[in-house]
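Some structures to go through are shown next.
Each of the next two complexes has subunit A plus one more chain, namely subunit B in the first and subunit C in the second.
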Partner chain A sequence: MSDHSSAMAPAPGAEARLFLAIERFPALTLYLKFALKAFQKQLAYKFEYFVGVANGLLFIFIFTSLWKNIFDTSKAAADISFSRQGMISYAVFAMIIRISMSQDDLGVMGKVRSGQIALDMIKPYNFFGATLAENIGGTMFHWFTRAMPILAVCMIFTSVTMPRDPVNYLLLILAWTLGYLIYFMVNFLFALLAFWIVETFSFQLMKYGMFTLFSGGIIPLDFFPDMVRPIVAWIPFMSVLYVPTAVFIGHLQGAQAAGFILFQAGWVVALGICCALTWRAARKKLIIQGG
Partner chain B sequence: MSEKSLIQARRLRREFTVAEGRAGLLGSIKSLFSSKSSVIHAVDDISFSIESGEFVGYVGENGAGKSTTIKMLTGILTPTSGQAMVDGIVPYEERVKNAFNIGVVFGQRSQLWWDLPVSDSFDLLRAIYRIPGQNYSANLAELSSWLELGPLMKMPVRKLSLGQRMRCDLAAALLHAPKVMFLDEPTIGLDIIAKDNVRRFLKKINQERGVTIILTTHDMDDIEALCNRIIIIDKGKIAWDGDTGRLKDEHMKGKILEVEFHGDDPGQVALPGLSPFKREASKQWLRYSGDGGAGLNEVISALFANYCVKDLSIHAPKVADVVKAIYRQGEGRGEVGP
Partner chain C sequence: MREEAGIYLAMIVASIRAKMEYKASFLFLFVALLVFYLAQVGVIVVVLTKFGDIAGWSLGEMAFLYGLMVFSQGITTILFGSLNDFESQIIAGDFDRLLVRPLSPLMQILASNFEISSIAHFFIGSTALYYGSVGAGVEWTWQKAAYLPVVMTGAVLIQGGIRLSVAAVCFWTIRNRSLVHIVVYSSKEMILYPITIYHWGMQLFLTLLLPLAFINFYPSHFFLARSGSNLLFHPFIQYLSPLVGVTLFAGAYALWRLGVSRYQSAGN
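Right, the complex of A and B next:
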């Protein structure tokens, strides 16, 4: 059993006591600790945090205003599958889900470029698992400290209401988790590009562009023209924000929702295989920058 | 080569394919479509074995292949051919298993979490290496007293000075009580006192804990103070491998006399038993090898009798001088055998 009582050992905090119970599962403990430390790390940057919250609110204000105007002035809006109120809900929740999914997508790339990845390679853990755990820790921080307060502000100052049916929440958890994993693995794959290409900035830019346009964060899948919609639907980005948002507000229901969630699960498997293969190839390619 | 050696390298080779960049915008566009590449032999047929408890200096110029060798022994890199073995494990095949046996310190990088207090990084390492509670506390208490970590434990790593950070990094690498420790330039950028502290600590863990240490450094004083064996690597090949004392005996026996003269430059000193080593204004460094039969006292008497000596000091040759000589020989005539 653990003994934290030595004078030199860290003081037995609540966290240490929490882990006493799961000390018998070292791997689980490790990844939980990774997540907790990442959470804690975020606390070091208070200014960043407040800017982040302000930024989120600003974007919500901009997009809800924009959609209100579009619905009030455009005749074409009547043909669209969203109601005025539904669209505002979509815009608010898509932005909140986007904030809740914030990930450190440049961390791995930075490690590869700086050679710091050597320090991960000399440790007895799985790099993918450790990176994911750290990311989850950071994301949990965003959930509780950014997404939640912003949601509370929106509940007070906008006409948006939370769904009543618990099924919506269940679907959200499922779709959010799968979307999160998809987003994480896409980021991971793009980061691994740094093994082959020294300057990956243009690829990152391309990824951001595609994410902004095709994730459903701004424009839901429904609004794409008939010709491109099937293509956009197939891009994994749609699974990241559109599916969780649409199932939560009840825009996607029943069999339709189930279909999209299955599709997400398919992408998780496919991307998981891609990550494993790419990581294996990257290990062979590994040249530590800077000696 | 003994089968039981703790660390073995057998005919290790590692090649890198490096794409050649072209200068200018046009060159960059051209290299988008056709890439010229060349093969670099970073490590070229290296064999050695290291026994448990040794303190080995692994020395070479920049780009000689030191880091590449260390990366193969730590499991980061896979060799192009040949084999490495650390405590019965092939590091690049069983990276995770090997990681439990080794501790690594890179002088230029920190393995501590930048934004977290030192104690949190240690706590995380404890989970990473699955160190049982009692072992951890006892080990940390000892390391902490040796390295005087007490006041640093609650500080975020980014606020530590380089010397403080290095002390914490050394402890971090030893928390799981590894058998082998790889140190890559651990004293780089440290002031004299911090360097001395690091050296004393390394000596202690080598002697008291029996940790086998492989040290790469450009600081020959590190080697001189610590290593009982030195492996010199030059252009990917081993240029010298053996006892540190023997290195001096074979390559630079005897003493160096540093002589300062009164008045005018007397010209190059020519006395039996002394050979010129270096000359600078009114100072001359002369090498006494003891081969000619004349004793050091006779040579010095002759020096005082024949020249106006203002000051004289006698030095033992430094490892740095010997290593420099070996590098230079390597440039001139290929390899230098032990």
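Right, the complex of A and C next:
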């Protein structure tokens, strides 16, 4: 992933210090810059920001209302694996984790269409790494500026409490990172479709629909009918939101949690291989239309 | 008047033909929309299979509620779809060009981008309405059959009025993308469910300020012969959708006119 960066020559003058840093930690500094740039870009849109927060709170409001109502009125609610409080926590944390991971189309499609992708290819960095770094920057921004304030609001206005056990936090970090990588790589694969298909909006729409239903963002895996649950569990989206949320609130514990996290890791490896192969095929396929 | 209608018709036909040029991507968008809405339905179906009902609404009744929303959304998207992207016309200065023509600027915008991919909405919407009325055992009388198109008109006017007001905001702020996102799209997630699941403050909000409850919640009481269950319910409220629609749309159109009159081009 880092093999190309050392090809960069040091420049004289004002930028010398930066390049000195790049010389010392060639790969890391470069990718760190990508992440910082994405973070700064996000800062530029203030109004978008407030609406984004309001949007997140709206969805939390909808689903906490839904579950409260179901647990208060439905007879079937008595014999399920979640308590009323557990289900409210699930709805809140699933949505917060979803917000922390929000990604757009990674900008790859626009680059393919405009031909800018060719410039990215001749630059001395790994394209996958650069896109990931950029995405991590945006994601960190979402964590601090969206997920955290929304969490604070929820702590004040809902009955949600944070888990006491540090193990839950460790599991969250692990499962969140793996879930994030899975989500990123699925998005990356979808974005690479732009090499073969000009109009990719339809694919995005389908992916979004599938994600809504099968990520656990709204419905936890446990609620799917017995017939389809094993299949749904295999869909990589279930690893994105369900696993981090369930291990954090303590719904999945011990061996069960470990099993799900191992499963996530398996998906990370599989998708990593898919990304590498698809990227290789895409490079061969690339035709730049004009200049 | 007749001549103008002819021009708008020609514009509509041209925009449909432009879209049909790309038959494959049109078909694909249709399929994608089906998948998207089926996933939305999937969420509700999974919850209902697990728990039986939501706030006393059975699967059939929920389907009817959903059908009213999606079908009217389909008509709204066909007629008012281009308003969601009005921001880009203001930013690029394209709106100036519409003003110098001897035609209504609003009609030009609406006719120039006729969104026919929303036949996917009609497909999903009518299936949901059909399944809903069978599942919930709706007895269709001629009153109900006659009231359905009236309710649809009201629902379309409500949604069109909301889109028009949000677009009019552009005259003051130039940008409105995030507003479109939350007011036009996200807010609709609320009426996927009967509004009685929400805090009474939100029920009031959805009745008086952003009257989305008149799109499906209140009128469906009439078709499903449900007795009222929320605080604000008066039997008469199930007939108010058309009135709310006309009022809201008139207000939105007044706001739009005001915006046009004080519009100063962003320049380019």
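Throughout what follows, the second predicted complex is superposed on the first by the 264 of 291 C-alpha atoms of A that agree within 3 Å, B and C clash if a C-alpha of one lies under 4 Å from a C-alpha of the other, contacts with A are read in each partner's own complex, and residues count from 1 in each chain.
Please note the rule applied: a residue touches a chain if its C-beta (ideal position, glycine included) is under 8 Å from a C-beta of that chain, and two chains touch if they have at least 3 such contacts.
Since the model is a prediction, treat every value here as computed from it, not as a measurement.
Legend: residue contacts after superposition of the two complexes on their common chain; A:Tyr125 is shown touching subunit B, with no touch to subunit C.
Within the superposed three-chain model, A:Met206 lies in touch with subunit C and out of touch with subunit B [touch as defined at top]. In the superposed model, A:Lys284 makes contact with subunit B only, not with subunit C. When the two structures are aligned on the shared chain, A:Ile156 is found in touch with neither subunit B nor subunit C. Within the superposed three-chain model, A:Phe47 lies in touch with subunit C and out of touch with subunit B [touch as defined at top].
Using the contact criterion defined above for the overlaid structures, shared-chain residue A:Met227 touches neither subunit B nor subunit C, since it reaches no partner. In the overlay built on the shared chain, the residue A:Val269 is in contact with neither subunit B nor subunit C.
Look at A:Gly115: by the touch rule set out above, it reaches subunit B but stays clear of subunit C.
Comparing which residues of subunit A touch subunit B with which touch subunit C, the overlap is empty. Interface residues of subunit A facing subunit B in the complex, by the touch rule stated above, are 1-10, 16, 26, 29-30, 33-34, 37, 40-41, 44, 115-116, 118-119, 121-126, 283-284, 286-288, 290-291.
Of all residues in subunit B, only 16, 62, 67, 71, 74-78, 95-97, 99-100, 102, 104, 106, 108-109, 111, 113, 115-116, 119-120, 122-124, 127-130, 133-134, 136-138, 140-141, 144-145, 149-150, 153, 156 touch subunit A in the complex they form.
The touching residues of subunit A, when paired with subunit C in their complex, are 47-48, 51-52, 54-55, 58-59, 61-62, 65-66, 68-70, 73-77, 80, 198-199, 201-203, 205-206, 208-210, 212-213, 218-219, 223-225. The touching residues of subunit C, counted against subunit A in their complex, run 22, 25, 28-29, 31-33, 35-40, 42-43, 46-47, 49-56, 175, 177-179, 181-182, 186-187, 189-190, 193, 196-199, 202.
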